[in-house]
Structure formats: structure tokens, C-alpha cells
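The following pair of complexes shares a single chain, chain A, combined with chain B in the former and chain C in the latter.
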Partner chain A sequence: MTTATETAEPPVPGRKMLSRTARERRSGLTLSLPAIVILLVFFIVPLYFVVRFSLGIDRFARTEAAAELTGELASFSLELWRDFLGHGVELEILGMATIGLPLAAVGVAAVALVLGAVGGGRLGRHGGFVSMGCFALLLAPFFTIPWGNHLLRVAQLSSEGDFLRLFFKSVTMATTSSVLAVAIAFPIAYTLAYGVRGSKYTWLLIVIAPFLTSYLLRIFAWKVILGDQGVVNTALFGIGLRDPEHPLSFLIYSQFTVILVLLYAWVPFIVLPMFIALQAIDRKLLEAATDLGASRLQGLRKVTLPLAAPGIVAAFLFVFIPSIGEYITPSLVGGTQGYMFGQAIAQQFVGGTLNWQTGSVLSIFLLAVVLFLTLATSKFLRQGGGTVA
Partner chain B sequence: MSDVFLSRSGRRALLGFFGAFLIFLYAPTLVLVMFSLNDSAVAGFPFVGATLRWYSAAVHEPEVRKALLASIEVGLATAFLATGVALGVSYALARRRFPGRSVVSALALLPLVVPTVVMGVSLLVLFRPNGPVIPIPLSLWAVLIGHVVVALPFCILILMPRIASIDRRLEEAAEDLGASWWQTFRLVVLPLIGPAVVSSLLVGFVTSVDEVVIASFLVGDQVTLPVYLYSGLRFAERTMMLVPVASVMIVASFVLVVAADLVRRAGDRRLGAA
Partner chain C sequence: MGIEGIFDRRYTRKGALGVGGAIGIGALLAACGGGGDGGSSSTAAAAIDAASEPGGPIKIYEWAGYEAKEMWGNYLTGPYAADSPLKFTFLENDQQALAKVAAGTHFDIIHPCVAYTKDWLAAGLIQPWDTSLLPDFEGIPAGVREGGMIDGKTYHVPFDVGFSTLTYRADKIQLAEGEESWNILLDPAYKGKISIFSDDVAIIKIGHLINTGKPVDPNILTTDEIQAAKETMIRAKPQIRNFWNSQTDTVNDFVAGNVWATYTWPDGYYKIKTHASMKDVDVRYMWPKEGRLAWVCGFVLSSATKQPGRAHAAVAAANTPAVAAWLTDAFQYGGAQQQGVLDLIQNKDLITAFSLDDPTAFESPRAWFEKPLANRKEFVDAATEVKAA
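Up next, the complex of A and B:
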């Protein structure tokens, strides 16, 4: 580098400082250059071309005749975006009333609710309620309780558009498994922080280690266990509870299984941000609450939970964001019932229904949703994100 | 002494839940390993008897060997490339003020949130055989590029905080004594972050060896091990051959994870002493 000449320079304070800043700038950029080049060429540029595909500027077919065959757009057009997003949405509440809504209204409402949930806390005394209310309204149409072959739900979004409906379904599955994952991980984090004896960090490693082992193989294990000829079913045959001709088929290839396996895959990971949030709580606050006559339950509700809330939200997002675009889990254990949006994208590029332009529209939409969520919630993600490394 | 966080019975209930959770967490893997030893054509009951025949079948399957070799090659290359690139940018982000610093840091972490399916198809668009933007054939090279992009943020997240936590005065002392930037980096910084570099290499390797989505879009004729496992699952008659491979990989990655953590703790101690 150029540093040898710099150090040989006479020690005039002002000049040295100036040259030092200039040198810093230059070497900062030089050192970052390989990363910048790799990320631009192999990360940003490819996404740019996906955008071009989604707008019909580029296409898979090389000739007009081939394009006719693949049914691709030949020039710039928003047609595919209209095909995807130009549908009404039906909101069904408690399985009774159905309200038809334009998609734009649903989108605006979703964005407003996300921003409300994130920023509501700043609205003074009742900010916490605004925030929680927005969060609850966001979850309501998507949270379901898996019940065998069925899903119990408060409200449901549906649409005439196939891909849009699939997107709602994927969000539903991701939401459900995220909520359940948080519900399981919180007591685990609580136990790690306050319940276990001995080295907390060794226990933490025991909980997290599975997450760091192969994701594919842990799902593979579930497929072996839940399959029609799998461990659970053959055990049931063995003790005569089930006839080999009629295995419990909902064990695999259902939404239930996808939700279960996603939950299984992510729970160990999200214990971490919640554990850290709980660890950071000052014991004296709880002692003060107890001294003032609060029961442990009140202490949990009024002190611990509010203080741990950012960690809990971060945990939810850590499961939710990767789950919406999930591909491996539904492909292995989802079957047709558990089919998800990420699979639809792959299918357009390499599967039976080859249409790169439609696939690009779906990809960019998914990317936009994920980026919006990440940016809107970045304060939570950063709080929990320090834990990722 | 009463505890403000937990009553005695509450603690007992939570520990019970914790125990059940650990079983839920580890049972699938243990079951997989157990049935990889079952002398039966399906991975299920009844447990006929222990055998290593599926292991020997897997070892003697040339496809498995080739896929394993391909994965190790791509994994090693990913580990070194991603760690090398990450070292540069991590040092710059931790120690230098330069224009566009925040943009670089955002860009470097962005691949963390982009769904892998989207990343896979976007690289497929870039390398597409009919009219590629960049003429790299769909092959292990293409997979390597995808994996470097995916592994990069993880390596940076490991290396950057380590570099930032080094006492700046050590570097300044070296520079005042006439060391060039490279000498300072090699003789002062690198030894101090050595354990972090090792964990970055490990994470890069593991990320690549485990990655299946991007790889499945970009592999040519030679598949990687995860892609082999993933595509093999569609054929029931091949499943039993995959189970031992999967078992070995899970156990091996578990050992790697624990080793990486031990190395990291050693690194914490070293930095604490520095």
C-alpha cells in the first residue's frame, strides 16, 4: 500500500492529519472494493434483470416464434403485474360475513398497520395499546390454529387471483408458525435466563446447536418420520392402531406439517434474541415491583413482558421474514395442500409451468414485501440482530 | 430465598417444559440416525436389527462420492473467498471513515433478508444458458458465486465486531513504530482475530455445504450433496441410501458447530486478555 511513503513524510501535524484522512478514505474504499464488486455484479445486477423480465423488457425466448410458444411478452408492459395484482380481495370474518375489498385498500391498510405497530409506541401514554392493537389486527386474518386437516381461524383473506391467494396462504402459514414459535421459545428463553442451574451459556448452546446444523437435513428427518411408511405410521401399524392400508396421511403433505416443521426449524434460533432481552432486565425492577406488592404474574405482565417486547418482536420477525418465501420445507413435506409462494416462483423458472416473466413478477413482489418489512422493523431487527453473529 | 422471577412450582413446570422441548428438538435427528442402522428397506418400524449395510451402500455409490466431493470443493472455495473478501470490507467498516460507508454496510448485509429462491432465480437469469448476461455456465462455478454472496454477510457479522473490539492503540503503536498498513494488519490485527477468522471460515463452509435452494437452480451436470439428497428424496427406493448420508452430515455439522463455539470462546478469552 501507499503507507510506507506516508510514514516517511515529515511530522507536520496539520499536513499529516489531512493526508491521514485522505489515506483513510482511499484505503477504506480499496478494502471494500472486492465485496462491493461481488455484491453489485452477482447480487444487484441479477435483481435488475429480474425486474426487466417482470416488465417484459427481457424474455426467455430468443426469437419471436419461440416467444409466441412460451406466451411471453415481447416488449415493455405492465400486463403481468396487472394479472397478478389486478384482483379484488375477499375478507371473511369468523366464517360468516364476507367483505369484498380492492387490493389497494388491503395493501394500504397493511402498510399503515405495520407502521402503526412499529411506531405506535411513540404516541404517548396509550402508545403501547395502539402498537399492540395494530399488531393484533395484522395477525388476525393470518393466524390460524392447525387442527388435523383443518385450520381454525378468526378471519381469512382470499382472492380470485391464484397467485395472490397463494401469497395470502403463505403469509398465513408463516404467521402461524411464527406465532407458535414465539409462544414456545419465550418460556424456553425464560427458563434459560432464570430457571436453569449451572452454565446458562452451555444450555443455550444445547438449544441453539440444532439450528446451526443442516437445515435441509433436519427437514429430511421429519420427512422420514412423518411419511406414509415413516416412523410414526409404521409404529401405529405395529401396535395395531392403524391399518397399513390407511396410514395417517395428514402427518405429511399438509399445511399442518409445513407449519410444524417451520416452527421446529426456527424455534432454537429465536430463543437467542429473547434470552438476550430477558438477560438485560434489571432484577431490581422486579424486586421493586414485588416490594410494592405485585405478584410474580403481575411482575411478568407489567415489567418483564414490556421490557422483553422488542426481543419478542425481533424473534417473530426472524421466523416470519424467511418463512414467507420458504421453498425447501413445503417442497419436502407440503405436498399440494402445503404448497407455498416460494415454490410457485421456482416452478415458473425450472418447473412444469415455465414462464420466467411471471416468475419474475412474483419474485420482485416477494422481495418488495420482505424489504418493506425489514426496513419498517429495522429498529427491532437491529436490536435482536446483534445476536445473529 | 424467594426468586422474583420464578416461584418454586413455576420453576419446576418450566424445567419440565424445557425438558420436553429438548426431546422435541433432538428426537427427529436421533430417530434418523437410529433408523439409518435398521436392516430394513424402509426407514420405519419394525426395528429388525442393526446393520451398516446402508452405510456401505452409500459409501459405494459413486454418485454420493462425487456429490460429496463437489460439495467439499465448493464449500472450501466459498469459505476462503467469502472470508477473504469479508476481511477487507470488515476492516474498512470497522476502522475507516469513507464516503458511502453506510451504503456499503447496508449492501453487504442485504443478502441476509432476500429470500434464497429469489436469489437463486436472479442468478439463473444472469447465467441463463440461452443468452446469458455473464457467460458463466451453470456449474459448480455458478454455485460457488451464489454461495459467496450468501456467506458474505455471515462472515462480516463475525469478523467486523471482532476487528472493532481490538484496542486501537495497538495498531497505532505498530504504525508509530514504522509498520506499514499491511504489516500492522498481518502482525497485529490478524493474530488477535485469528479465532474469528477460523469461525468465519467454518461458517462459510457450513453455509455452502448446507445450501440447497440456490445450488439447485445453478448446478449443471455435477450436483452438490444437498442437491443430491433433495432430489433423491422424490424416489422412495433411494431414500434408505440417503438416510445414512444425512445422519453422518447432521452429526458432522453438529460437531463443527460445537467446535466453532469452543474456538469462539477461546477467542473471547484471548481478546479479553489483550
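Up next, the complex of A and C:
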């Protein structure tokens, strides 16, 4: 008598492996299904319609009479895209020389500089310089020292196109916020990671404590602090630095205010990824650098910063992406000086002419810029960023 | 709900346009309205039978604060309240309301301002009222009614009317008798001290009134005049600290000393005037030599409603002298309903403060009521440039 086990064919490893792979694939697909559904429902499908609107295929107005009021197109056309992008760009350097450029040239240069900044570090010995150079050139037209109503700038991009000009202004405000946020958050994260012993997570909690209150509440608090008769100005009156008839008026309703509030909002948030990136660095590498004679500053520059680069880049994007399309903050504290691209988009959808087609063009352009930046940096982030110099 | 609560919520209102509160309003709007005899515009009178209509809530798209029981009391004690309770959703501005309903959200009754009536009709979203089912309809002056009539049919039943002009501090902005003018927006002495409503049409109208320097109807502008108004408002931007979206915000800015003059509706002025911090300040509601802007809002009936009879019953309940008097006491607005209203208003000071008993106050050239604009897109495009400049 033989048992079933004895008569059965011996297992085929390849088939078993295959079925396991298939099972794992099915399981992976099942687990991803909610994410796929969410992506489809909340991103792909709306994006499909927004693209149709931007090309004049669909329109907000349901009747011809309504379309006359909204000024929307009746059929497929690239006219709205031409209206938006068909303007030259002026690059002003140090407030003196102005160079006229086609928008396409600016776009190509920006893409090349982003790729250079992200991938330069892998070019070999001088990769770091290439990377930093590209980054500096990229930032130059979009970084400002937001002091008073007279912003200090190295270079500035402008355009005759209203929306394009507003876009450059928004990129400037977002870039400035992001760079300053990273510059402020990095020392905090560094101190938490290396300077605090024992209770670093308590400190981290304290840093992110502002998130426990409503964002709107915090913005309104800033209005109280920065107003003409607010806390700051009243203090200046008290110590005689300002006359009550002449308060520091740029403190509220200016680009400065928007950047300040964005900094306040985002700095605690981006301390977290940078702290994690710094925590993940193997201390032995720093010890080895010290043993080899590196000073603390050299250790920071040649070991810590390159290895923490993914966290820093991620932090920059965390601030930049929401800031470039900001709507609430400039609406509440931006005033006429701090008006941003996101407000112009909202204006097209729920204000004015209800021209959803133009609003869609602006939205897609903004989305394209953000997607490009995300894709360009994602590989960098996946690969773990820079390498020890 | 207390009056204070009503105020706070009501401040979200925008999309101004209008008409005033006294007997003289009718004469004014007769000149700017649609046409027809103002009588019953029944198109389906025989078909409307509230009693046989299906139950379910009457959905009303309404300004916050107008859900008050004082406004709908007659309906709430009527025969349909139990079967068809009133259900409110709050709108923020005319454009947004139009967008939302056109996108498919259903309401039985909507409360837009009269200048948008043609837009609602052009989008196929509304149907005419059967005015024979509104017992107090004749109490609305014919001139006021005509603003909401198209092709002899009443599509808009006027409900509330009011001014839009500058509230200003007379101690900071010293203007002699008869010198009050919109042109303070161009005075560098008030740099960064004036706030204006973000409404695109209002921005261009103000620019036009500044340009003319005299009372000329700002509703009928050529392309050249709109462009000139745009240029003027761009020149005024240094003085304009903020284009406000919420009247609450601008009231707070005013009492906090951030601005010395701001565009407000009557309730905004009243709120500032009666604020504790303004007790010793001479606050005035400007009567510019070029004329105030003014508005009238009211009810439109959805073309998709399945309960037209009950919707008529609800609007009939709100269109009474008692409710109109309450409107003045609670919000300082005038009621479109005029029949014996002045006697019913409890706070008689409001009658003189807002000239509700002065027939000329609501007539051109002292006030310019908003009308449907054939070229509103040009207004909006120009105002968009002003904001982006």
C-alpha cells in the first residue's frame, strides 16, 4: 500500500516559485488598489476634465448665451495656451541691465538647471560644484531678501503677460520661503540630532507644537502681531524707534508678510524630515572624518550635508510645492502686494467671469511645473542623494 | 441667534450691486431695469399647486445670517413647514453661487443680486416667478421690481438693498463739505491706508468714477473707458493696501488702525461706527461727489425645482413689511418691500443714518445701482490686470 504522499509527483520548484510570485503580485495589487482608486478618482479623472477645459473642448457655460458672458471658447483650440505662454520674458540683472528672452528659452534653461542641480553631484570630482552652480543660477531670479517694500534681488524675471508675471512672482515668493525655511530648519534639526541628548523627541514635539492649533488661527495671530497698531509696532513706539503716525507698514499686507507666515507655518514641519535624515547618518563616518583630521566644519560640509541632502531636498519641496499655489495665506495677509498665482486661479473658477477654461490652463501649467520638479528630484531622493566627498 | 452673530456671519457677503430702501428707489431703477409692466408674470399659474407637491426640504442657497427665524417665520408657521422644512446652504458671492448651481448642485431658491439675473437665465438655471402667488409683491416699488424682469417676466424678486461706499476716519482724511470723492484713492497722503472690495466690477466702476470726477453712470462703459479705469486703479494701488474678500476682515483692519478708509456696505459702516475703539473717532460713510455705488439682491426660482408652489410660499413669507423692517434693524440694509416699513423699523436712527426716508438718496446721480452688464467680461479682465499689476 502506498500513501498519497508517496504517489504524488515531487514538487516542481520553478512552478512553486512562479505561483508564489503570482500570489505576491496579486497581493501587491490588492494592497495598492485603494491608492490606485484614490489616484484615479481624485487626480486622473479630474485632470482629464481640466485638460479638456484647457483645450476648449468643455466649458463652464452650458448655453451659448452663458458662454458669451463667460467668454469661453466653443470648440478645441490652443488659443488660451497661446494667450498665457505667448509672451516674451524680461530678465533684469542687478536692477540695471534688462534682457528680453523668449519664454521657451527660459523654460529650457530652467529645465537644464534643475537637472544640473539634481544630477550634478554624480558627475565626478567637480560634480558638487556643477550642482551648486546650477542651483545658484536657478535660484538667482527667484530669490529675494524680503525686507520692507523694496525687495533686494540679484535678478528678476518679468513678462508683459499678466498671469506669467504673476507666476514668476509666486515662484519667487515660494522659492524664497523654501530656501529660508530650509536655512532655519536645518540648524534646528542638526541641534536636535546631534546636540541634544536624551530627550530629543520631546524637543521635536515642542518644535512641531504649533501644528496643534488651527492654521487660520495662527495667521490671524500674525495679523495682530504685525498690524500698524500691533505688538511689534507698539513695541517700537514704546522704545521710541518709530512714531505712532509712521508705523512699519510693510509688516502687514506685503510679500514680506506672506513669506514670514509661510516660514512660520512650514519650518516646524520640515524639521522632521531633516531630523530623520540626520539621524540616519552613520556616526562612524563622522568619527572616521575626525580621525582623518577633518575639522567639525569640514565634517559637516563633506559628510553630513551630502548624506543629509535627500532630507534637505525633500524639505525644500515640502515647502515649495504648497507655497507656489498658495491661496489662503496671501488672501489673508498678502494684500495687494502679496497677490499670488493661486489667487488668480481661484479668481477664474469662482470669481469674475467664471472662465473655467482659463483657470484650467493656469492650473495645468502649475501642476506641470510641480510634477517636473518632483520627478526630477525623485530619482535623486531614491538613490539616497549625495555621496560623501 | 443674537444680532451680533448675524453680523459676523453676514460679513462674508460679497458680490455687491443694488438698490436702496426708500420710496424713491423705484423711480431710480425704472431707468436701469429690464422691462415689462411689473405685474403678474405667471407662466404656469394653473400648474402650481403647493398642496399636491411632493414633500421634502425646500433648499435655499442663502447669505449667512438670512436663515434667521425672523425672516421665514410666516412659512415656519404655515401649512408646509412640517412636510417641507427650509434647508439652508450659505453662499459667499454671486459668482460662486452661479458656478456651484451650474455645476449641478440643486437648490429650489437662490438669493443672488439682480445684476446677475441674466447670467442665471442664460445658463438655463431659473424660471419666472408667478407673482400672483406673492401677496405683498406690489409693496415693492415698480422700479425696483423691473430690475429683475426679463421679457416681461419676473425672474428676480428683490429683497434687500443697500449702498457700497467708503467708510473713513475724518480725523485722518480731512475732507471739506462737498469734497468727498472716490479720488482719495489717488492721494499719496493715504498710501497703504485704503482697502477696497475685491469685486472686479466694483474696482473698475470706482476707477471710472475717479476718471470722470462727476456723477456719470458707471454701469455703461466703453472698452476705452474700462481701460482708462483700469489704468487709474493701477495708479491707485500704492494707496490700496488690500482687496478684501470678507467684510469682517476689513472692519477688523479699520478698527485696528491698519486702514483709514475702506469700502463697506451699510452694516460694515455701522459695525465700525459702533465699535468700542472708534468711540472717540469721527467715522463717516462717504457720499462721494461722483455718487455712491449701490445694490439690490433677491430671490430666483430654480428651473429644476419640483416644489415651485412651496418655494413661492417661502418667498411670500419673506417678502413682508415686517421682515423688511427687521432687515434694517438687524443689518442696516433697506428692504425692497416698502409698504409701511418705515413705521415698523424699531431703530429710527437708522432711517436717517442711511437716508431710508430720502427719496433722492437712492436715485442717480447720488447713487448708482448695479445693473446687468453686457460686457462684464471686459470689466473682469481689466480688474484682473489691476490685481496682477
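Throughout what follows, the second predicted complex is superposed on the first by the 307 of 389 C-alpha atoms of A that agree within 3 Å, B and C clash if a C-alpha of one lies under 4 Å from a C-alpha of the other, contacts with A are read in each partner's own complex, and residues count from 1 in each chain.
Keep in mind that, in the parts below, a contact is a pair of C-beta atoms (placed from the backbone, for glycine too) under 8 Å apart; a residue touches a chain by one contact, two chains touch by 3 or more.
Quantities reported herein were computed from a predicted structural model and do not represent experimental measurements.
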item: Residue contacts on chain A - larger count, chain B or chain C; value: B
item: Which superposed partner A:230 touches (first chain B, second chain C, both, neither); value: both
item: Which superposed partner A:349 touches (first chain B, second chain C, both, neither); value: both
item: First, second, both or neither for A:322, with chain B first and chain C second; value: first
item: Touched partner set for A:264, first chain B, second chain C, both or neither; value: first
item: First (chain B), second (chain C), both or neither touched by A:77; value: neither
item: First, second, both or neither for A:359, with chain B first and chain C second; value: first
item: Contacts of A:63 with chain B and chain C, given as first, second, both or neither; value: second
item: First (chain B), second (chain C), both or neither touched by A:162; value: second
item: Contacts of A:98 with chain B and chain C, given as first, second, both or neither; value: neither
item: Chain A residues contacted in one complex by chain B, in the other by chain C; value: 60, 62, 223-224, 227, 229-230, 331-332, 349-350
item: Interfacial residue positions of chain C with respect to chain A in the complex; value: 93, 95-96, 98-99, 102-103, 118-119, 121-124, 192, 198, 200, 237, 240-243, 245, 249, 252-253, 256-258, 376-377, 380-381, 383-385, 387-389
item: Residue numbers on chain A that touch chain B, as the complex places them; value: 1, 3-4, 7, 21, 24-29, 31-36, 38-39, 41-47, 49-50, 53, 58, 60, 62, 184, 187-188, 190-196, 205-207, 209-210, 212-218, 220-225, 227, 229-231, 233-235, 237-238, 264, 267-268, 283, 286-287, 289-290, 296, 299, 304, 321-322, 324-328, 331-332, 342, 345-346, 349-350, 356, 359-360, 363, 366-367, 370-371, 374, 388-389
item: Chain B residues touching chain A - in the complex, by the definition given at the top; value: 3-7, 10-11, 14-15, 17-18, 21-22, 24-26, 28-29, 31-32, 35, 42-46, 84-86, 88-89, 91-93, 95-101, 104, 107-108, 110-126, 128, 130-131, 133-134, 145-146, 148-149, 152, 154, 156-158, 161, 175, 178, 180-182, 206, 209-210, 212-213, 216-217, 226, 229-230, 233, 236, 239, 242-243, 246, 249-250, 253-254, 257-258, 261
item: Footprint of chain C on chain A - complex, ascending; value: 60-63, 65-66, 68-71, 162-163, 165-166, 223-224, 227-230, 249, 252-253, 331-332, 335-336, 339, 343-344, 347, 349-355
